[in-house]
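What follows is a pair of complexes built around chain A, which joins chain B in one and chain C in the other.
Our next item is the complex of A and B:
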């Protein structure tokens, strides 16, 4: 395949996938709209309770909010209005705070992205050396130890890992603050909690990828050709082992970008997950739909990036792409 | 060629990783500032609207109302220096305190106060005032009511009526920026979690001792406990009661308790055949071991209610009323007398109706569900079947409005404004209350008494009306208190001079000094 043809194919793949991502995101947001309205209970009353507080809410407050926010209009009209605004790039305003949804999502999204990125990178700083080492010495002590570690971490609920870390490092040793988001010290415990929950699944993937590549015929050939095992792995192993790992890592990153409610709640961290849960409790429809749209789109973009990275690492796969 | 390209890719990957790591860090490296009074509570700053978050504006002493309440219950002048009422009791004159400045440096004029009050009068909580007209007269704000309304000054303590500068409102009629008059002014707001404050040097009253303060919202109770154990804040309001021993043992902060006029109450649908007889309601109340619940569930034996309101509200606490009894044998005798007989399954019935109900509670007040479960076991002893159904808080007013509520237990403050009658009226005088009675025939009597109370300016007559209302509620039990609230505040060792306001109107931070 010529370079020009390959670039052309890539561009078409990207355009098609971005289009698909947009459509999926809009569909997801529409489903959010439908589901929120299908929930039992008076939506305006829930919004009112979230706004003025449980004890101050009265049927009159609910009626005022219903009127002011146009929640008394037929659902199809409300949905149509939302779609029309969306076409102009306007996601509307939060029923709770009155702020533009875009502003809410950007604020909380930035926090989630920051912690997510740190936690995700940290997880690979831990998982890569351990996984590679375990893959080099299958059945060895490191392999068995990381296996136990991965199984333990995978079976422990995240909040338990978080509480354990808080108890040890914040409450007993007093090295780190137990909650908050203002300084880098505040980021350590939530990032480690997140990293540990990701490591549980990435270590076995890395280990198996390394193991598989090392057993591959081309590695034997490289060794026969006279390369030392580390040199053979450097030249021919890393890139091949990276293919499944990159795909998995991207998927894990996609999972963290929509927030991690348990960690955010435990550490009082104003991320996207917390925003979404509160929006669901308050039935803040514009925020729920906006979050659905943005999360759906980001998920698709991350997955597209993963595919592109895979094509870049393994250009042979480009031959198989049919657009 | 391929080899070269691979190297480029590898270094590009490494570069990307480094860049991403750096991108994550820059804003994070900040030193922890000293000399800032760090206050935490569960409450988030969700919007600038006084009807929504005015309670945070008054608690953090950012904005003030015309009238304010002292922790001992006395009404004192806020932005209004003094007030008086005309002989026909229809015209109130509030004299605006001279020299009060908004945080933007502009003076509080009578017009500005009137404009701010006009906006708040349209809010639901202020609609109880029978406003005729609001005008100004020199340095005086004149409020005429259609009928005499004796507790007007108390209603003006409501946080929804905070006075904000004219520049606070945007073109859309919403508050775009909070410009109040309190001893602290907002310097920055970070999302819903953090409000940064500085002492307002132009404040008219007692100036704060600390130059800066910060409010952090920590909605999760366990997280508040962790922060208290670590001593990572100076004052934490509303800590989880069961965590008090842990917080105290850690030695960083000490928990202070104060009984406040907030209750955990149980309400009946008095229109249902199982609850229409007052003897049944009394029997249920007698079967509940309030002291046991207070010690085992709430970890504070003193919080067991003996009547509707605690002694912290001397006007509305009648020491002559007999305390709620815990008497299972007496309760069984009452039910026998009322004609409820035990069936084969141990549950009583009368005319084919089972003595059974669903008790709605609020899931975000976890202790209520535990209390409900304890009551479920206690009521079994008198042949009653209780299902406990925790749900969102809005489900309770919704069930009362729909008429489907059977029994419910919730938390309720009786001092949204420092005059209990303002809560008695919506809760006890309507067929379908907001948070309280449903189909209670006694509402007509409370309505007559509260109508007279509202219109009366004779303190001794009001005292006897209060006693009458309390007696009816105590004896007829359309609603019965299970426990009173303990306001729990964790205080850091370095904090001196904290005063706790049982009305939860102000956190009294101006009195605090830091070691």
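Our next item is the complex of A and C:
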């Protein structure tokens, strides 16, 4: 297939998928709207309680908020209003802080993205050398040790790993701050916790990909043709082994931005997870819906990136899309 | 033999459980000469080639000696020492071209990595009648025959004095077989020494030198090639030679065109940027009949099979399954899928690599309601002459011929209306080929099947088919 045709195919895939991503995100936000309103209790009262405190809230404050924020209108009208604003690119204002939702999401989202990226990159810094090595010496010491490590980490809940790290490095050794976000030292423990929870699954994937490619006949044949084992792996092994690994790594990154709540809560880290938990307690509908949008959209974009990488790595996949 | 350049002495190959696959084989390839090894599917002839390269599959052990002229002998099990001979001393033309090429790399780079620079590539392609643009394709876009020629062309760029060709004509049409033979003769004339493993009688006849016939891991006859082929002394040698399709009687039947299992009208297909492979193609397949499709390697035979099976859309035309047009109404594909089945060119690839065959067969029960594999399979295996104990193995642990018969068994369990068989016997030796064809014919007659038989072997097609379509006639 010509380069122009391949690019054309890529563009078509991208346009189609970005459209799907937007639709998915809007659907997710709508579900958030429905679920928040299905929760028992008076929404305006919860918002009032969050604004002035549980002790000082009165029915009058709740009624005032209900009128001011238009929470007394029929739900369908409120939903329609939100969709109309969304079409203009306006996500509304937080019921709690009064700040624009976009601003809240951008502030907290940047924290999450930073932590996620660092943790994710760190996890592959650990997993790639270990996984590749284990794939080259199956049954060897590194293979068995990483296997035990992976199984252990996979079976431990993330918060236990986090608590363990905090106890050791923050409370006992006092090398690192236990929680918060003021300095870069604050990033270390949450990023390591995140990385370890990812490594548990990526090491076996990398190991098996390497093992499988090494057993492929084209690798053996490359050596019969005269390539040394390292050259054969460099030319034929890496790209083929990368196909499953890249897809998996991208999906893990999606899991990072999706599954941050535990780690952010544990380390009192001001990311999207923390914002979402606060917004849920306060029934801050615009923020919840905005977060739903962002999470849905970023998940779709990450999986699109995974697909594009795969198309780039594997010509057969491109062929399958085209036909 | 006065001056063997490669000798194999007392080679025995056994499974870990002690089961012997190749027994005490001694062979010598004369300097600048040819040794041809023929034998039936599963006879162990390819294992001998693998043992020479130290590439036996895991679980197999070799004993005996392998010796190159002027070098100390190497123990047959010493893979490391044998791998030291690769490229410089011995070169392999492997039997599964699709597996020997990196699926993610264009042909040009793969040839470059084999040592053929850009100037060497074009003459190499021309010598094997490969289109110039084929080096800019990925392996999946090559037909089996083209991939095979790419490998032969690259192997020749390597200077090794000894070349082992493992089934070099597998998947090639008659014209290309002639070419491949000429190439191998050319190699021999240029002083390279050849060990050729084949089940192709034309190749065996055309190569000079010595011929050895192997059966069930034992060499049953050997001698000057022309002498053995003219007057084989062993019973098996005689059976093998009589099984040539040219000696079969012509099939002649007429069919009821009103009861069509499959038909197609006005089909056209071509790859982007290349001329159409065919256009305006019509075909009719009545029940209880065999329709042959022949054509040159790379001419679109397998692509046509995919279109007839609803696996690929044609650029134009219609395909009717029992009267429903699957091009216009793809939902019909799902309704009739089980009844329209393909017997693949490369049977091993049609099985899941890491599951035992038994489990893969049992899995069919979830596809077809009311099917009991435990009840239906044993009589089928007996009919297809497959040993039941093969079922416990992995797909890569059985021979190509066994895999093809199991693939056929798997399709028959689904009670098909139409089977499209893509070169179903190109990997089988003549004896098994004839049995398989007789079996297919019988199945077609007994079960009222329609069979589309795709092959480059026109002698074979003429002897079994009721009707024939030559794809080359629909080229644009």
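By definition in this document, the second predicted complex is superposed on the first by the 319 of 323 C-alpha atoms of A that agree within 3 Å, B and C clash if a C-alpha of one lies under 4 Å from a C-alpha of the other, contacts with A are read in each partner's own complex, and residues count from 1 in each chain.
Note that a contact is a pair of C-beta atoms (placed from the backbone, for glycine too) under 8 Å apart; a residue touches a chain by one contact, two chains touch by 3 or more.
For clarity, every value in this text was computed on a predicted model and none was experimentally measured.
K.L.:
Superpose on chain A as described above, then tell me if chain B and chain C fit or clash.
P.N.:
fit
K.L.:
Let me test your reading of the model: by the given contact rule, A:239 touches which partner, first (chain B), second (chain C), both or neither?
P.N.:
In the superposition, A:239 touches chain B and chain C alike.
K.L.:
After the superposition on A, what does A:49 contact: first (chain B), second (chain C), both or neither?
P.N.:
The answer is first: A:49 touches chain B but not chain C.
K.L.:
Please tell me which partner, chain B or chain C, touches more residues of chain A.
P.N.:
Result: the larger residue contact count on chain A belongs to B.
K.L.:
Contact-wise, after the overlay, does A:314 reach chain B, chain C, both or neither (first, second, both, neither)?
P.N.:
Touch partner of A:314: chain C, not chain B.
K.L.:
How many degrees apart are chain B and chain C as seen from chain A, counting from C-alpha centres and rounding to the nearest 10?
P.N.:
160
K.L.:
A:178 in the overlay: touching chain B, chain C, both, or neither? Say first, second, both or neither.
P.N.:
A:178 contacts chain B only, not chain C.
K.L.:
Touching A:96 in the superposition: chain B (first), chain C (second), both, neither?
P.N.:
The first partner, chain B, only.
K.L.:
Considering the aligned complexes, could you tell me the closest Cα pair distance between chain B and chain C in angstrom?
P.N.:
Checking C-alpha atoms only, chain B sits 6 Å from chain C at its nearest point.
K.L.:
Pick out the shared contact residues on chain A: the ones touching chain B in one complex and chain C in the other.
P.N.:
239, 313
K.L.:
Okay, in this complex, where on chain A does chain B touch?
P.N.:
So the residues of chain A touching chain B come out as 41-42, 45-46, 48-61, 64, 96-99, 107-108, 114, 117-118, 121, 166, 170-171, 174, 177-187, 238-239, 265-268, 270, 281, 312-313.
K.L.:
Residues of chain A touching chain C in their complex?
P.N.:
1-2, 5, 216-218, 220-227, 235-236, 239-240, 243, 313-316, 319, 323
K.L.:
Given the complex with chain A, which residues does chain C contribute to the contact?
P.N.:
53, 55, 83, 86-88, 91-92, 94, 96, 99-105, 113-115, 138, 140-141, 154-155, 158, 272-273, 312-313
K.L.:
Going by the contact rule set out above, which residues of chain B touch chain A in the complex?
P.N.:
6, 9-10, 17, 20-21, 23-25, 27-32, 46-49, 51-52, 55, 124-125, 127, 174, 191-194, 216-220, 222-223, 226-227, 229-230, 232, 250, 362, 392-395, 397-398, 401, 411-413, 416, 426, 434-435
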